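Order of writing sets the labels: A, B, C and D. Residues in every chain begin at 1.
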Amino acid sequence: MQRQVNHARMVCELADCLAKKGWLPATAGNLSVKVSENPLLFAITRSGADKQALTEQDVILVDEHQRVQGETSYRPSAETIVHVKLYEKFQCGSVLHVHTLYNNLVSQLYFERGSVRLSDHELLKALDHWEEGAFIEVPIVENYHNLEELGRAVEAAATPDVPGVLVRNHGIYVWGSTPEAAKRYLEAFEFLFQYHLMLRQYQSHV
Amino acid sequence: MQRQVNHARMVCELADCLAKKGWLPATAGNLSVKVSENPLLFAITRSGADKQALTEQDVILVDEHQRVQGETSYRPSAETIVHVKLYEKFQCGSVLHVHTLYNNLVSQLYFERGSVRLSDHELLKALDHWEEGAFIEVPIVENYHNLEELGRAVEAAATPDVPGVLVRNHGIYVWGSTPEAAKRYLEAFEFLFQYHLMLRQYQSHV
Amino acid sequence: MQRQVNHARMVCELADCLAKKGWLPATAGNLSVKVSENPLLFAITRSGADKQALTEQDVILVDEHQRVQGETSYRPSAETIVHVKLYEKFQCGSVLHVHTLYNNLVSQLYFERGSVRLSDHELLKALDHWEEGAFIEVPIVENYHNLEELGRAVEAAATPDVPGVLVRNHGIYVWGSTPEAAKRYLEAFEFLFQYHLMLRQYQSHV
Amino acid sequence: MQRQVNHARMVCELADCLAKKGWLPATAGNLSVKVSENPLLFAITRSGADKQALTEQDVILVDEHQRVQGETSYRPSAETIVHVKLYEKFQCGSVLHVHTLYNNLVSQLYFERGSVRLSDHELLKALDHWEEGAFIEVPIVENYHNLEELGRAVEAAATPDVPGVLVRNHGIYVWGSTPEAAKRYLEAFEFLFQYHLMLRQYQSHV
C-alpha cells in the first residue's frame, strides 16, 4: 500500500535526524506517525530496532488496540500504548519519544516538584507560546514498570498547552499535529532543558 | 533570475554548515545574504523553515521595507527588520542570527553589565583585532517582544568595531562584508563565549 | 574466503559507527567479531590502525592462541588476549573495547570501590535487566601493564549478569551474543556512565 | 608536479578530519606536510582559508625561508615560521596546529607552572610512552605577538620526548614523522587534556 510505505519513510527520516543528534541510543526510543484518524492507524518503530540504521521494514502499522496490521515477524515498540493514549487524547499527527542526558537530568532533579518551569526564553515561541513573559510547566511522571500504568500517567499529565511529558529517568514524549511540528517541539524542549540546567550551574559559581 | 538563485544557494550553504553545528534548533535563527545595495535587496530564510533541511524555495528576496519580491506563499523571517537595520547601518554583505547554549548563557549572565568583555585570546584576530593586548566588549540588548523595538535596540548597540550584538536569552546577530566573513566572526564569537564561561568555571574550583 | 571477508566487513561497520561517536581516538580501542566457536576464530582490528578510516585489510583473523590466520604483514591488537578470555568464558559473538571520557572518569572515580553501581534508569533494560528496581554493579579492574595479567583480571571480574568490565584509566570491554547486542550494551553503558556523573554533579550544586 | 599535488591532498584530508571534530574554527589553525628534507619544502594551508571546506588550491608549497614555490595569489599561514622551526629541529614529516577549548583551558590554567603533567593513563601509549608508570610534561609557552619570537619559543620548548607544545590561549603545535603519527598524537593530547580537566572537576565535588 502506497500510503503505508510513505509513513514508514517519514518515521525513518525522523529516526535518522534524531539518531544523528545522539537522542536514540542503545535501540531506545520510539517514533510514530499517524496514518488515519478513523479508525486510528499509525506507523511506529518496531521493538529493539537500532534507530541509527532504521529501515522501512523496521516500521510497523498498528491500530488503537496495538494490533499489528499486515505481515511482519516484528513486534511494535513495547511503549506503543503511550502513543495510542496521546493520539486518542489530542488527535495529533506524530508522537516522538527519545532519551537524552538533559531530559533525564531534568526529569530526576525536578521529579519531586512534579514539573519543570521553563520561562524567559525566545525558544518558547517554537513551542507556540508567543505571548510576552511566556512560561510553561512541563509535567514529570513516574517511570511506571507497568506500561499500561505508564500510558495512563502520561495521558493524565498531558495538556494541550504544553506538547510534552517527561518520564522520570526515562525520557520525554512529545506530540504535534505533524511530524515537523513534533520535531520542532522536541528540539525546543531539549535546548531549553539543557539551557535551564547549564544556567543554573553557571549561576551557582559566579 | 540567475542572481537571486545564487544568493539563495549561498543562504542554504550557510544554513547547512551552521545547522550541522547545532546552532539552528527548532526552526529558530535566520540568515541573509545581500543581493544589491541600491536599492537594498537581500535573500533571507523564510519564517518557520527547518534550517537543518533548507532548500532554495525556503529563501525569500526582500527589500528595505521587508516587502517580498517575486512569487511565493512564504513569509520572510519575523526578524527581517533586524537584518534591514544592520544592512542599512553597515552596508554589510551578510547577516547571521543563531541560537546557541553559550551565546544564550553569556547574554543572561552578563546582561546587567550590558556587555561581555573578551580579551587575551588568539581568536580575537579572527574578529579583525590584530593589535597586541586586544580586547572587545560585545553588547547585550534586551529581548524586546516588539520586533521593531528589537531592531532599533540592535542597531543602536552595534558598532563597527565588534561585528556582533547579543540579545538576552535569544541569540546573537553577526554581520560581515561577505558571508564568509560573517561566518568566521560567528565561529570566533561562539568559541570565545564558550571558552570564557568554561575558563570561569574551571578557575572557580582549582 | 567469503566468510572471513564478511566478518571483516562487520568489524569495519562497528568501527565506523563507534568512531563517529568519538569513542576510538588516537588509534586506541579494538573490536572483534567471532567467526567460529570450535575451533575459536575471530576477526579483530590490527594493532595501530586508525579506526576512523578502517578498511577490511586492517582486520585480521586469529585463533585462541592469538595466532594470525592467512597472509598479512599486520599484527593483531596487543589486547587480543582479553578478547580470547572473553570468548572462552562466555561463548559470545563479539567483543568491543573503546576509550571514552566518561568510562575513564567512572573507572578512576570508583576504582577504590571496585565497581560502579547503576540503578533506577530505563536504559538498564537495554542491558537485559527488565526487572522492576533493577540495578547493576559494573566491575573495575586495574590497568595492568602486563597484558596477560590484564586478560586474567578482566576474565575474573566478568560475570554473565553484566556484559562489561571497566579498566582503570583505560576504557571498557563489552561483549554480546552478536555485534548488534554488544553495540547496544556499549551505548547503554556509555549513556549511563555519563548520566551517573552528570546527575552527581548537578545534585551537588542545587 | 605529481608530488606536490599529493601533499596538498594529504593536507586537505587532515583538515577535513580535524575540522569535523570542530578543531579548526573561524579559519584558525594551520596544517603542513613535508615534501622534501633537503632542501626543506612543505605544503601548508594558506592564510585565512576555511579549513572546513579546504581545497588543494588552499595549500601552498613553501621552503625553509617561507618563500612560496610556484604560482599562487595566496599567502602561506602567518605562523609558517613555527612550522619551519619544528621541521628543522626534528626532521619530522608533518606539523599540525589546532585551537580547541580544552587545549586552550589547559594552556591558561597551567601557564604559570610552565607545563601540564599527564600521567597514569593508557593513552600515553599513543604518545609513544609504553613504559609502566609513564608520565609526560607538555610545555606551555607565551603567545608572543611577534611570530618570529613565537617560533623561537616553541622551538626552545619542544623536546623529542613529547611531540607537542602548547601556546597560551592560542592552541597546540604537534609534530610527527608522518601525518598519521601527528594526527594520532594530536588526538591523544586532546583526549588527555579534556580528561585531565574533567577528572579535576569531578574530584572537586565528590
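Here, a residue touches a chain if its C-beta (ideal position, glycine included) is under 8 Å from a C-beta of that chain, and two chains touch if they have at least 3 such contacts.
Just so we're clear, the structure is a prediction, and the values are computed from it rather than from any experiment.
Chain C maps onto chain D through a rotation of 90 degrees [Cα fit, steps of 5, range 0 to 180]. Centres computed as Cα averages put chain A at a distance of 31 Å from chain C.
One simple way to say how far apart two chains are is to compare their mean CA positions; for chain A and chain D this gives 43 Å. Along chain A, residues 201, 205 each make contact with two or more other chains. Chain pairs that touch one another: A-B, A-C, B-D, C-D.
Those residues of chain A that touch chain B in the complex are listed here as 17, 21, 120-123, 126, 132, 180, 183-185, 187-188, 190-191, 194-195, 198-199, 201-203, 205-206.
Residues 22, 25-28, 50, 52, 99, 101, 104-105, 108-109, 143, 145, 167, 169-171, 197, 200-201, 204-205 of chain C touch chain D in their complex.
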